[in-house]
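Listed after this line are the structures, all set down as structure tokens.
Each of the next two complexes has subunit A plus one other chain: subunit B in the first, subunit C in the second.
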Partner chain A sequence: MASCWIENSTLLTAIVGTWAPFVTFVLIMLFTRHRPKTSAGLSLASATVSLASALVLLGGHWNLQRPLEYTGRWLVSGDIYIPFGYLLDPVSLLMLTVVAIIGFLVQFYSLGYMAGDPGFSRYFALMSLFLWSMMCLTISPTLFQLYIFWELVGLSSYFLIGFWYEKFSAGQAGKKAFVMTRLGDVAMFLGVLLILLHLGNLNILEIDSPKIVGLMPPEMLTLAALLIFGGIIGKSAQFPLLTWLPDAMQGPSPVSALLHSSTMVAAGVYLFERLFPFFLFSSTATTVGLAIGTISMLLASTMAMVSRDIKQIWAYSTISQLGFMLMGLDAGGLFAGAFHLTTHAAFKALLFLCAGVFIHQYGTNDIYDLAAKGTRRMRVPMLCTIIGAGALAGLPPLSGFFSKEVILAKLAGLPNPIWLVAALLGVFLTAYYAFRPIFIMLFPPSLPAANASNAAPEGTRHRLLYRIMVGPLVILAGATVALGFLQTPLRNFLAGQYTGLTTAGGAHLGWLPYVTSLLATGGVALTWWEFGRPGARQTGFVDGIPVIARFFAERWYLDRLYRAILDHAVDRGISAVLAQNDTRVIDGSIDGISRGTVLAGRLAALINAGMIQYRLLMIFAATVLLSLYFFF
Partner chain B sequence: MMNSPNFPILSVITYLPLLGILVICLINSKRHDLIRWVAFLTAAVTFLVSLPLYFRFDAGTWEMQFVENIPWISQYGISYHMGVDGISLLLVLLTTFLSALAILSTWSAVDKGVKGYMISLLFLETGMVGVFCALDFVLFYVFWEVMLIPMYFIIGIWGGPRRIYAAVKFFIYTMSGSVLMLVAILVLFFTHYHATGIMTFDILTYHRFGLPANMQFWLFLAFFLAFAIKVPMFPFHTWLPDAHVEAPTAGSVILAGVLLKMGTYGFLRFGLPIFPQASVDFIPVILILSVIGIIYGAMVSLVQDDIKKLVAYSSVSHLGYCMLGMFALNLEGVKGSILQMINHGLSTGALFMIVGMLYERRHTRLISEYGGVMKVMPVFATLFLLVAFSSMGVPGLNGFIGELLILIGAFKASLGYGLLATIGLVLGAVYLLWMYKRVMYGRITKEENKNLRDMTGREYAYLVPIIVFIVWIGVYPKPFLDKMDVSVQHLLEVMGQQRTVMLDVPEHSELRATHAMNNYEQYAADQGR
Partner chain C sequence: MIVPFGHVIVLAGALFLLGITCAVCRRNLIMVVLGVEIMLNAASIIFLAGALRWFSMEGQVFVVMVLAIAATEVAIGLALIVYAYRRTGSVDPINFNCLNEQPTGSQLAGFIRE
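Moving on, here comes the complex of A and B:
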């Protein structure tokens, strides 16, 4: 049977592509831990296999008519089955390709970045572990499989954030990331169980089909959607669980580029795409989602405006852009969200990898320090950063402009104009904070003499590492420019998804692109005035009001609030009270009872101790009592 | 010989350790290593002998298997009746498995009175296996008490500084519970005698004996106290941290791994089938106490500065899940509960072993005395993390499967309790990772920690087998769950015959949930085609 064979070859490609990194992980952990070169080779080889298979799958199913699904049974026990397999449709194919491409580029880059690190093998093992779990997450046909790999990417994130374990803050950040996302995950888990109880299975295609409305009462559906959205909030670092992501920057820069900007944190948005029709069934859920996305976008933007740490700035911008994608999706724009996810993956990975080159060279994250040490002399990374920031700011004709445009059009179609206004404000703020580090690094007040700190790293080995790192930058920069022009093919490709789903089409306002470009340019111009123009004092307008600047820099005191809740309410509050309850109340009363028993025993022993005085006393007392009893 | 149907395999498993004790008695008490080896080999052989139980166990029937039934004191209807079903099978295997590894885990740490120590451990094994196999009340009670004594000595003689307090506390708590149970057993016996004129202590007979409801209430209460102390359920748990902290590593491993399961096993073997009506009446109480236990244990773990105490309190939380699943009284819940008993035995047993490894190196269990250990003990760090993840229920490891089944069961029974119980999932990650971070991450600040040895061969030998099972159950739990399937179904059917109402959930929602699950099964079957 020809069709069977074709299906099998697809299946084979998918299996090989997704599981190759896992094999690498096991091999490195078991055998090649002490041979860094072999480990890196294995890891890169498997990343190449994954990339090739993703491209083959994407190419082979470019004209996919209906989703391809394969499930096998993973037996838990007699009557409980959990289906495992693959679901290939435009949404998952696109995401799979994004993950594979960036995964490959970042691993290649890491050859240079991580060279000489004592944990070189461990690093590549963990990256492979991540790649495997992320790809399996992407192609999950059931929510259950998705949840399992959802947790596993969280696990890889925990390992990789705390990769430099001797840095205590790295361990701290890893724990924080894991716990905060877990908070969301548990909500999601509950939502998943709710769906299971009503629908009877967790097949994503069935959850997305209209029959769910018949099986779940509306309030249950809303509850489930909100609970699952809780998982998205955790994973995509949205308000109020957003503070783990900036801390996650403690990990190596390529990790930030792959996990904490372009793919893993985008898994939350991807889940929304996956369950897009399901979320749209509940208007409450989409409204809440819209609000959360908007709040996160604006909040993170303000935080990015005052940060001095280059990676943190890009981390805040990630939160902000993920919020922006969620806004687009909640407004009913599947393509809007997916397209921005794709362009964002390219330009944000680019920004982080560039930041990695600077940090690798100069050993600091502070933008003012970097500027003073002469980052502007590193031409290629600097140019790439400018391209990435331009795309982030939404300057035409870079890809970010087009993808933001799609989202804005969707938002403009909403009855309430407040979302569009908020989004436009976001565009302005984004342009401002994206170019702040650029101008600071381009125009430092003073530069060291050109030969004191040579831009091009010295030594052949150093130069080789530098070239390895620069290679992926150029490719990503190219993608950042090119992706914007692929809008139409991508739109056609994704049109096959969820056919029959009618959503409110975005308004086609002719003035919107101009306003957006104007706002973005305005934001850049303001930054230039404050940071770039000759003689600029290099302080932002926010810095002029110390209270607000501090407020933003302290992340709106969210971290402090959580810390205070944990310290005072939980650690010193409930937990301490409960621990006291154990020792004082429960043990106290038990010990009291036993002491009482011992005392009673002593007393009884005393009575029978055979001392003649007591005997006589007892007899006397007994006689008195008896006579009292008898005579009265 | 062992393949013949009449081979008394259960008795052999139960009494093999006694044979080991006999041999140890003949050895000069100064020859420590020889004693250790004899003890370990005895336990290892016992485990090997117990393996055929698994392979020859017929998962297709709920009837007791490998039955030995010999009249013992026939004028009172007491018999020597042993047997296992799908509920006790895995617990017996867990006992023999952990006993062997536990002996290995306290090899050189105990160097005084090695002879007595090893004798106690082996004696304990006999008691534990006996409890899980006994099908006669008197026999059960004998094993139940037999097991107390060696544990008392293990804590009281080879324990830490506050060992006497801990041992006495452990003994009094357990004893007061079991005395109540003894009274209840006697009442049960005489009730049955008056009703039918037959004297019997046979447990299976009582499974079919319909007690009047008011009687069920009081007798269940007595059993409940005995088992709730053992589990331990909130608020009867305070003996546990003390006993754990003071006990030597092997004691903690056995205590957490097996002894606590006797409480949960007791509910399954006695509470539910003999007192079905009372069990249903008690559901709200037990579910509330379980949920309190889950959150309470986790909360208190959060503020412990002693690693071992932290792990001990986490047991309170985990056993809360076991009770929650069991009293959801549906297939998923009960199976999850049994699996979680095994999981807890493996994960928490391994955690105690890990604490023991740290203690043997540094002779302190205070979290603040460590820091940066990952640098000097990388392999240990990896295995530690794996076990910690297993304990907090990360997918791919055993804890997840157990918690998943329990939560599905709890959800089907009652939404509210299920929701509350998930708080424990978050807290579990918090206290374990918090502890791990403090012990493992950062720079080494204490001079003493700079030259710690990574895992030794003996340590690999007892930790790796546990980890194999942790991963195995996590990835492919079918071989374990299948064995208990029919027995659990039967248990629920027996209960269902006398059960009238089910929880505080409206009838229709229960029906709908069941209906949905049927759809799911149908769907799953379709997928497989």
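Moving on, here comes the complex of A and C:
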């Protein structure tokens, strides 16, 4: 009985924690849309409930031996049984906690950031929706349930990216994010169907168990893994589908913080963690994943090196860090990916929230403008940005250093050294682009007059909002520093996951941490020489070669390429043929039928000339025909 | 019966055809009424032939009836023709098609193109 009670209380906690945001969403949308304060209170209360329940779950199952699964029947169709429920194992518990913590901090921060916005209630409702879908995605026991919430995450991020819908570019960015991720989702759906065909159900634990190798032929397994990886590419903004993420900064800054750290893009990497053994069964899929992760990481790094928009730089860095995570996961390091996902969630949320403070204060995204307006006087956000960027660059005492080192160790264990070399190059570039905005903002060529010496803005209300925004920054900065030292407990916690799997630990190379930190420091030093040193010209070495700088700034012409493909192949090719078919065949035949009817009517009207003799003739003819019919 | 029944039927059919042709083709109302009379007579011949063949009086009774109807029909028909002639000044039936407005060729082409 005792165990039953414990299980029930666990289940209850999970249900309450994950569904509280949804209840809030419904309540706000139905009742309190015109009462912003009530809405914000409700939303924050539900976020607190979620946070508390996630922490309780994590604390209560710290020594979890085997995954806990609760399911109830949701749908039976023929032989296919689709359950709905909860799967609690180390991976999902860790992710749930990360989502809850970041979600709570971001909502708290939003109280200050979104104050006075006409869509205040709507904003909190959508944030709750976002949290609910992500949390339910996290604890999904089946791929089917995961797919439902996967799409809900996409939907709510579409709402939030296009939150300021009066702005044309925001609407466009929302649509772009939705459509581009949808491309990947179609592939993922096909992959899910493929698994369903062979396995008969979509239970994640069964997909991850070794028996799937016996049920699916190797090529089918590879195909399914690649298709599902397509969904991850779309969601996590990897190589072919990466351009939606930099545009997604059209939404409010807290949305970007949530979207970049723990919800939308993290969902892709989380799916990989979820199906980690499944992906490892196919070596082709992991190689493709490694290549995609590497390409995305390097591509996004180069783009970030020339961007002038602070949120865009952090967006590119997200792509490159997600590429890092996928590399680590594909190299066989579940802990590497999960740990970097966790630390990344903390420091990326921190960076975006800091950027939000700057943007809220000065109303511009451009780093040079921000520098000229005096961001360096806002001491706390600036310091937090430096901590976040340091973690991003992988500087030694900060969390990013530890998580990156784990990934690099995994990569060093691979037979092919090219991945390690590419990753080390990535480390160098990351340090460069992460500190470029820092030095630009810290050392502007000319400071404005020192009349605004007080960094915090005037007015008690303004000061209060500023305090509200700075609070989460400090907490996140603390987390960024501290998370690195939680490596061993987290590793032990995750060690319970997928125990049957032989993931040989990466070669533990003694020199690797030194090389990594040396490279990171080198990147920072190069940035300092170019941007921070007194009298620096504040132009990067890439800007010296206009062709390449332009190439990077145009995002390797990926958007142009997609535009051209859409214009030429889709618009003028497929759509033109379909349009022709529509006008000629379908419209033509219907018009032909109607015209034929009209013509037949006119011709018949000729007979009905009102001439008595014609009628007579007709009567006669009809009688003759009828008699022929009846008598013969 | 001296004349074979088939011959009478052929005669009646020919007469009926002549009558309908007259009624349909002639552009004169009097000739139309005449055609109708001929058709009635063709029917009468059939009745008579039938009466003779089956030795039954009903055929002859019908012929008398038809004659009466023909007489009244001619009376009414001629009266109508006189009325029509007074109205339009002609006995051509084409002048009495007040129900229909005949479309011209170009109008028809327009309908087809729509």
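The criterion applied here is as follows: the second predicted complex is superposed on the first by the 570 of 632 C-alpha atoms of A that agree within 3 Å, B and C clash if a C-alpha of one lies under 4 Å from a C-alpha of the other, contacts with A are read in each partner's own complex, and residues count from 1 in each chain.
Simple rule for what comes next: a contact is a pair of C-beta atoms (placed from the backbone, for glycine too) under 8 Å apart; a residue touches a chain by one contact, two chains touch by 3 or more.
Everything numeric in this text was worked out from a predicted model, so none of it was measured.
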item: Contacts of A:D571 with subunit B and subunit C, given as first, second, both or neither; value: first
item: Which superposed partner A:F178 touches (first subunit B, second subunit C, both, neither); value: first
item: Touched partner set for A:R595, first subunit B, second subunit C, both or neither; value: second
item: Subunit B versus subunit C as contact partner of A:V213, first or second or both or neither; value: neither
item: Which of subunit B and subunit C A:A482 touches, first, second, both or neither; value: neither
item: Of subunit B and subunit C, the chain that contacts the larger number of subunit A residues; value: B
item: Subunit B versus subunit C as contact partner of A:Y165, first or second or both or neither; value: first
item: Which of subunit B and subunit C A:L617 touches, first, second, both or neither; value: second
item: On subunit A, positions contacted by subunit B and by subunit C; value: none
item: Subunit C - residues contacting subunit A, complex; value: 20, 23-25, 32, 93-94, 96-100, 102-103, 108, 111-112, 114
item: Subunit B - residues contacting subunit A, complex; value: 169, 172, 235, 237-238, 241, 296, 299-300, 302-304, 331-332, 335, 371-372, 374-375, 381, 389, 394-396, 400-401, 405, 407-408, 411-412, 418-419, 422-423, 425-426, 429-430, 433-434, 436-437, 440-443, 476-478, 481-482, 485, 512-513, 515-525, 527-528
item: In the complex, subunit A residues that touch subunit B; value: 71-73, 75-83, 147-149, 151-152, 155, 158, 162, 165-168, 170-172, 174-175, 178-179, 182-183, 186, 189-190, 193-194, 196-201, 203, 215, 570-571, 574-576, 578-579, 582-583, 586-587, 590, 594
item: Touching residues on subunit A, where the partner in the complex is subunit C; value: 595, 598-599, 602, 605-606, 608-614, 616-617, 620
